[in-house]
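Chains: A, B, C and D, in written order; residue numbering restarts at 1 for each.
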């Protein structure tokens, strides 16, 4: 597999010493949802697209996705800039993770690009799988530099003490550290069973504080409230239909898994 | 896997600003059958061959196929030129698709070659899987440029609104778009269960109109008629042998799949 | 997988316009046995070794094999020269085939090396799987040049009319043809169930005629006779132990397979 | 997969004509335990780290491991120097083996680095799987140079006569030999069922003699004694709980396997 990677600059981003914030799909879609909300709310347009043979359709095939208007697009990673914040940022998102063989190569090229604009902070967003009810809502953090530890703690982030962060989320933290870039992982606790907007909101609240960004969470709050009431309705209907069912078995306390 | 790709120029093609028309094997062999009929009917000879470690035998092995005269050949992609049309064309065909890891690399090299001759239009031919009887015969289209949409509609092509186009057919559309080449996918509706000459004819009729090419469809019409009468005969024999069999179960209306 | 290939020249071969003769392990070990007998009988020493990450242990792992004296060796391909013949030759053999992803790369490098010495003929030895008793002993041939056809026929070789030649044996024929080198495949008919010395002898007899090489087959004849008498003894013992067993079922006449 | 390999020099090692000693995880963790004890006992700090897309987490994923303090690290190979010995040494260790596709590339780069410091001896440590009780404690050896054979014998090493050494342990021996570096494999006999500190001690005793290194084995002896008494206690408890259980079935005398 040759390293077919192409970065398409749509325009020059107007960022200065940005943080690089990665939100690719992963556990509970936490990172992607968080970055996606930011993009929607700030009405951002991508400044660069990355195409690569390492980016395949969700079914593992190469090819294009068709849009509702009859146009189509290759799987890609998109880069956006945030300049509304005290700390500028470059956001990375997309519909797919790079395949395992391309993560080092792609993430390296993204770090190269970000460093051309003076990037001095890497923030990887992701999910932290937990079956423990009381952990939901929390944000777990890792860091490569003990100065960052106190920042994280002051923002209410719990420090992670074991486990692994897999996929592009882990690789960008690893390669950021390798380049001596201060690097933070923010992992929203999630059951990981469906796209978890609550975990994304928790992560996003920490992120906006780090970046010094005013963000309106009203739309996200409303979406979460709606989803909750829909789920509640479903539960009620099920309870009426099967009144004598035993209470739902708690998932086992298996060791946490992050992505 | 190193990028072992070799383009063998057999002669210089005499094309000017050609369309690049891809008809590799895929769903219902629609693209390959369409290009194959064009090659036979116009009595074309290849001007280039592409050999690659990404082109393997249909069973997935490397090796050569043996011909009836005792000679043999490596799996390859062949390029032909069409100059009998108002719009010149380069046709791409072969007996195999590149392996998934080589599609970006191979298609890139083919686009490089075509652009050396001023290629300004990419047309990918393929099949569109449908279980719906009334869709058979139709041609579905995607495009990367809204000028192309009206052309397609004026030729009776239905615009596709969802799904994916996988394999080299999707990749050439994606990379064509990436190079800002106007790009069209023409997908013949097919059950995809056998080489579908009717779907190929439908696609070929649209293609010849786009290229401004006079093509004699008599031989193809005859082949289709013969095939239909053979299938009809088989059905009659089966009906006589098993008179009380229930009517054939309609395939389920599963979501369409393109290649 | 990077293209890790290293050719270790042990000395300069003294060949002039040699044929390149490949005998790697394959169906019935025909090619390897033929080249191996030639090496033993002519008491040849390798002039070059090829090491590569594409050459793995028979179990698919990387590593080294241990010899009886406590030394060890990496999987490798060895090259020998034959100068006792009218037509000089370079022999290729080894204990393993390159992995499928490395066959184009490795075979290309071997052809490069051979062409530096003026190689003007490629001969790939292999097996031709057949369940048909009366075909055993025959040698089947393919070629890329009709001048070679009459040579093959005059040596009693049957021309192959269909099928495929897979693996490095097929790839060297394909790439030889691609470089416009006259290329011949000699395939000994074999059941392919065990290392087939008789098929190797048949192939070797044709090869020595092509090369104009005097070769003493006495040792090979003796080995075959011994093997036959051992197999015959086993059959007799079985027949006495199970006298009423039905005759061995003939293998089905499935389509032939070559390697 | 592109050859993404990065060697991070933390400082210049002060070695002169060192032996290169590899102790990566493998059968019974023999090599890794031996090198690990050396590092702990001599209180060594790494002078270089190697990062690579060929080094993945134990579960096969890319990503980072999280430490107890909330920091994290990419899978990597570490290099240490030993200068307390008559023969200087560079130690290679890590938590993972390179993936099979990267072993040639990574080991080549490590040999390049070692040879820049005048490396003139390769020693690969590993396990030798045996079900035979009386072989436990023994060290088996391979070598590429008959001068080394007498050295090994004089140190009580048994010469291995067959089999294979797989993984990076085999590849470093193979590539060392290829570069004409005297190369030794020291394989501690082990059941391979758990991290085998006794086999590691046996191997380490031979290694320290070869290097002319004074090493205090007291801590290792104590660890082994503690482990033995714990295992003995477990056996006693089991014997009391299930007094009539038949004696443990001896593992079959299957052919040995090395790593």
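Criterion: contacts are C-beta pairs under 8 Å (C-beta built on N, C-alpha and C of every residue); 3 or more make two chains touch, one makes a residue touch a chain.
This one's a predicted model, so the numbers in the text were calculated from it and none came from an experiment.
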Subject >> Chains touching both chain C and chain D >> reply: none
**OP:** Report the chain whose mean Cα position is at the greatest distance from that of chain D.
**Re:** B
Original post:
Interface overlap for chain A and chain B, more than half of numbers shared or less than half: same or different?
Top reply: different
**OP:** Give, as an integer number of Å, the spacing between the C-alpha centres of chain C and chain A.
**Re:** 55
Subject >> Cα-centroid distance, chain A relative to chain D, in whole angstrom >> reply: 39
Original post:
Hey, what residues on chain D touch two or more of the other chains?
Top reply: 1-2
Subject >> Chain contact graph, described as a line, ring, star, complete graph or other shape >> reply: ring
Subject >> Full enumeration of touching chain pairs >> reply: A-B, A-D, B-C, C-D
Subject >> Interface residues, chain A side, partner chain D - complex >> reply: 1-3, 100-105, 108, 141-146, 149, 159-171, 173-175, 177-178, 185, 258
Subject >> In the complex, chain A residues that touch chain B >> reply: 1-2, 4, 6, 8, 51-53, 56-57, 59, 61-74
